[in-house]
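Structures given as structure tokens follow.
In what comes next, subunit A is part of two complexes: it sits with subunit B in the first one and with subunit C in the second one.
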Partner chain A sequence: MFLYYLRLSALSYRRNPILSSLMVMAVAIGVGAYMVIFTLNFVMGGDPIPQKSDQLFHVQLDSGNPNTQDDPPKQLTYLDATALIQANSAYRETATSKISGILEPEGDGIRPFSIVGRGAFADFFPMFNTPFLYGDGWDQSADRDLQQVAVLTKELNERLFGGADSTGETVRLHGNNFQIVGVLDDWAPVPKFYDINNGAFDGSEEIFIPWNLIIPLDFPRNGNTNCWKTPEAGPDGFLNSECVWIQYWVELRSGDDEAEYLQFLNNYAAQQKEFGRFPREMNNALFNVEEWLMKEEVLPNETKILSALAAMLLAVCLLNTIGLLLSKFLGKSGEIGVRQALGAHKGSLFLQHVIEAGFIGLLGGILGLAIAAAGLEGVKVLLGDNLMITDWIHLNPTVVAITLVLAVLATIFAGFYPIWRACSINPAIHLKTQ
Partner chain B sequence: MLEMKNVRKVFRTDMVETCALDEFSLTVDQGEFVTITGPSGCGKTTFLNIAGLLETHTSGQYLLDGVDVSQLRDYARAKLRNQKIGFIFQSFNLMPDLNLFDNIDVPLRYRGMKSAERKERVDKALDSVGLFARKKHVPAQLSGGQQQRVAIARALVGEPLFLLADEPTGNLDSNTAKGVMALLEEINDSGTTIIMVTHDQSLAEQSKRNIHILDGRISNNTEQTQQKAAAAA
Partner chain C sequence: MEIGPILRALSRNKLGVILISLQIAFTMTVMVNAVFIINERSKLMARPSGLDEPNTFYLSSTGFGDQFNSQVTERDDLELLRNTPGVIDATPTNAIPISGSGSSDGLRIENDPTLPATPAAVYFTDEHSVNTMNLTLIAGENFSASDMTYQSSNERRYYRKAIVTLALAEKLFPEEGLAAVGKSFYRDQAPVQIVGIVERLQAPWPNSFFVEQAMLVPLNFTDATSTYLIRTEPGQRDRLMVEIEETLAGNNPDRIIRGLKSLQETREESYRLDSSMATILLVVIVTLVFITSMGIVGLAVFGINRRRKQIGTRRALGATQLQILRYFMLENFFVSGVGVSIGAVLTIAFSIALSSLFEMPTMDWYYTPIGMLLLIAIGQIAVLGPSARAAQIQPAIATRSI
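Moving on, here comes the complex of A and B:
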């Protein structure tokens, strides 16, 4: 009967093309607008590493200003980051920070250019499941022995080596040669959870080098630095200061590990208190990826307001659809009466019209997809280069499926009252007057 | 086959209470051709709607093929309608979007019949009213008389116990009406019971029994001889 009812739905559409098209447009506008906002939220607020977001933890040590009540610093000092690395208390861990430098390609083809990179430890790559096109990340001996190795992104490898396997080659960065050990495949978690302080929707860095090289090779820091106490003069003054500029992530495999590591952090902080540091109440914390994104309110407030507005528009469109469906289905009272006389019970008539409402919803969903696609293109134009997420704003299969399901279910929901009214009418009245 | 005992139907609004049928008792046996006559508003159509299970009665007893329908719920009433009753309406009530085949197919679909059997039955029904060649046409492409023939085929396709016809010739010219009446008589001769509401006294006289309703009650229940009926025809 499903196919029969579907065919009746198509015939019913043909009988009242204007009314039916109005309904389809109402659903399409509501769903299309909603899906534009949903897609933005989906891209900006999704879990960037769903396979292990509950095992990766952002480390927060409260070395902050005792004269303020604000949250603990989001980043770590050099003293603390190096101490945690040396303690080696997590299953995997990395200190990481942004750098910049001038890259000097070999040969005359490409002129030197400035580049944004990242210092990290060997664990960075397996912790964050980075995919490799060629080679792999460096190992821990490279961290220990200050080996000048590097991992390139696919884009940088394309630019420097035309996309060929460049492992074993060298690149000259900030006046030093680095041997390439790996080339990443496409990898750009959105939001960029491992460094939301420096732009949650910025693109990935282009080159990765061992973090231990940043200070010896005097790489310029490229990112947010906060100091609540003026550092003493000279490079060592800064390194020994309370300035925070390093992100710190650990991978822990169980709840017990998490409690144990937090205890380790508290013990470390207590020890530092004895040296006169960590003047505030103990307030160290571990946040897994989703908790961290939520705490930092990665989704801008504007998107929440837009979500509410889009939901309201969808509701208004559905209210219109209810009115139009009521008009359409009450106009079919005669046919409903005849079908009842011929043996249809109310349940089958209800089902027939639920499928008809779903059919209209499906058409509305398809048109809504077109509206959503156009809307997203508009959003990209509006955002311009302000956000790096524009490359990821598109209708992926999940969003397409959600749009169609939302349109069908919303229209069926909107149709319940009109269908109930139409199926409740005494058929005898319409059989005489039709 | 159809037995009503002291059936009463009252329509109530906030202000008015109208008794459309009052102490209405009637028995119709298998193979009868009964006409129902009476002035407008006397309760003819109410009787037909109750007999066709399209409306419930307020009190009394209605046995359809031995089943007391008073307490039946919508699903059971729909099933009985589908299997035991065929309807023919004054304004044909064909579905304008469906072609003739699909119109006649409707009751069989609600019966859950297999496609091959439905096709066989619909083709046979169309053939029996002489419209097989036009099975792909839609109702708007037919004359009034042809549309009523399609409606009759639709009523017959499920092989019901009886046909309920509400002014089946009311929208037809006299010649076409005669043709439709002849078809109904032919159907009755083959054993199908027909209960027909009509305003037309000459048509009523062609039936085997005429029941006259006045103010919701049977005022006259006349068995008509075959000769008289034949003469009227």
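Moving on, here comes the complex of A and C:
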């Protein structure tokens, strides 16, 4: 029966090709445009690490300025980050921050170039589920013993070693040799949850080294540094200052651990208060990945505004479809009258037209996918290369499925009233004029 | 006029009226708000930075290795740059206007850290900055070479003189105007004297609330990285960008040259999100107007086809073609009228929601009435074709197939 109705739908389409094509186009444009914006929202507002986003927590210690009443700083001071690392109170934890440096490739083939890297602890890699192409992250002993080891990204390995397994090789960065222990596979979480300070949609850094080396090897910091109080003079002035520049993440395994860790942070802050630091009221915070991204509002206002506008565009297209379906189904009154007179059930007539509307919706959805794909390509071109990573801007399977379902359901929904009108015709009137 | 019959006919086809008027209402809401957003963005994009943007570019030099001497390199580089034919002037700076990355300080007019501070962007640069940036010094004077201090960027920063923008001077010393020259403010609990005021110089962050509050400070960092801002004579920029990069990269093996970019490219990149948004909105508007027009045409054709016989009858009874045309134009006018009235409410509601949720400015009053007129005009144009064809219907049709 279903197939029979489907065939009827196709016949009906061919009988009235212009009207039917207009409907398909209206559905396609509405759904296509909506899905472009939906994809942006879906990925940019999505969960970058769904396997464990509720176990990873961003740490905030309120070492802020007593004369202002804003949120606690988003990053930690050197004093606090090193103290937390030493306390070693979480299942896994890492202090991390961006660095920059000149990388001097061996031989004369490639000129030295400037590079942005990241200092991290051994836990960084297992915590954030970073995929490895070759080798692995470094051991905790490397953190303790200040071993000069490094993990490269796939791109950097491509550039320096032509993509070969480079573990065991050395690379010269900021005037020091580092032994390569691992090469990452493609890894660019969207949003870049572990450091949203300089653009939540940036790509990842190109080289990772033990964070403990940043100070002894005098690496230039790259990223945000905020000081509410000027550092004291002298070489250690900056390290002992209230300047924040370090991100801190912990992995905790249960809700109890979370409360316990927050208590640990509060105890630490209370202890610091005794030394005259932490002049504000106690306001330390732990946010898991999704809470943190939500709180920091990483989703740009632009995409939020666009989704409201796209929803209205979809509404206009559906209103249009209602009108067109009305014309089409009322135009079929004669046929419906005959079928009714021959004993067709109202229910089966209704079903037939629901399937016809769904058929049109499906065609609209398929065409809508093409429009959405083209639209996303257009957005990618508009955004260009340097603003953010745009590799993720394409149709993904979830979006494809949602598009088709949305198109079919929306068209059937739009069809309810026209179908009801068409099916509640008195057959006698239409039989008379035959 | 056939206002009575039109209204009675419309009241029998409520659904058609609702469908079209809702489409018009939504289209108007999206169109008016989108145009407003586009206009706001272009206003932001049109603000001048104060610099001679078409003729300015910049690049960075980063040294490495033990032999590298940053101070000597910077001095030699600047001398070379300033003596290059076609270069008007060059200056070292820690930050580039509009680039989105820079440094800021909190300033107070009294030495009391508990008072709220006035934020200002700081350009650490030298006495060539006013000329290189093409700024207009409207009061006071430029720095002299002897004002310069040199230190590492990690040290506690020390400076005693500043050239501020007029906007910053007015913020710090309201009502003083240009008389703020010579006065001092405090930063980091030490006094800094305003030696000059420039008309305009934007902070590096285009979206910052203090984008017009900036100052120049005669301080230079001795770090391995130096960034040079270079102004050229008109028409020389592109040639010099290539030549200067080559010269600097070639004359010292212990450093690399990177980040070569013109200020125009920087502006284009910094406002990329705004310009993308404007383009997307424009596409949305065009699509919507197209779809709504199609909807109006479709329902008009449907309505006319259903009434062919009545039209023929009216024509047979003496109605002119013009009267038939007028009937359908007026019908559309009433439906559009309902649409734009609902649309006006929705438009204003949506704009209030936008300004309260996203800290956007409120829409000027004239947007809504202009949008209403525009959509009525679009409706009239869309319905013109079908109405003209309705007017062509022969009176003879009235006598057929009864």
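Going forward, the second predicted complex is superposed on the first by the 430 of 434 C-alpha atoms of A that agree within 3 Å, B and C clash if a C-alpha of one lies under 4 Å from a C-alpha of the other, contacts with A are read in each partner's own complex, and residues count from 1 in each chain.
Just so we're on the same page, a contact is a pair of C-beta atoms (placed from the backbone, for glycine too) under 8 Å apart; a residue touches a chain by one contact, two chains touch by 3 or more.
The structure displayed is predicted, hence computed values, not measured ones.
When the shared chain is aligned, subunit B comes close enough to touch A:346, but subunit C does not.
When the two complexes are overlaid on their common chain A, residue A:334 makes contact with subunit B while staying clear of subunit C.
In the superposition on chain A, A:426 makes contact with subunit B only, not with subunit C. Touch criterion not met for A:253: it reaches neither subunit B nor subunit C. When the two complexes are overlaid on their common chain A, residue A:230 makes contact with subunit C while staying clear of subunit B.
When subunit A is checked against subunit B and against subunit C, the one touching more of its residues turns out to be C.
Legend: residue contacts after superposition of the two complexes on their common chain; A:417 is shown touching subunit C, with no touch to subunit B.
Taken together, the subunit B residues at the contact with subunit A in this complex read 45, 49, 52, 54-55, 74-75, 77-79, 81-83, 87, 89-91, 93, 95-98, 106-107, 109-111, 154, 158, 166. Interface of subunit C with subunit A (complex): residues 15-16, 19-20, 22-23, 26-27, 29-30, 33-34, 37, 62, 64-66, 113-116, 154-157, 188, 223-225, 256, 258, 269, 272-273, 275-277, 279-281, 283-284, 287-288, 291-292, 294-295, 298-299, 302, 350, 354, 357-358. Residue ranges on subunit A touching subunit B, taken from their complex, read 1, 4, 8, 11-12, 14-15, 334-335, 337-348, 426-428, 431-432, 434. Taken together, the subunit A residues at the contact with subunit C in this complex read 19, 22, 26, 29-30, 33, 67, 102, 104, 111-114, 174-175, 220, 230-233, 237-238, 300-302, 304-306, 308-310, 312-313, 315-317, 319-320, 322-324, 326-327, 378-379, 382-384, 386-387, 417.
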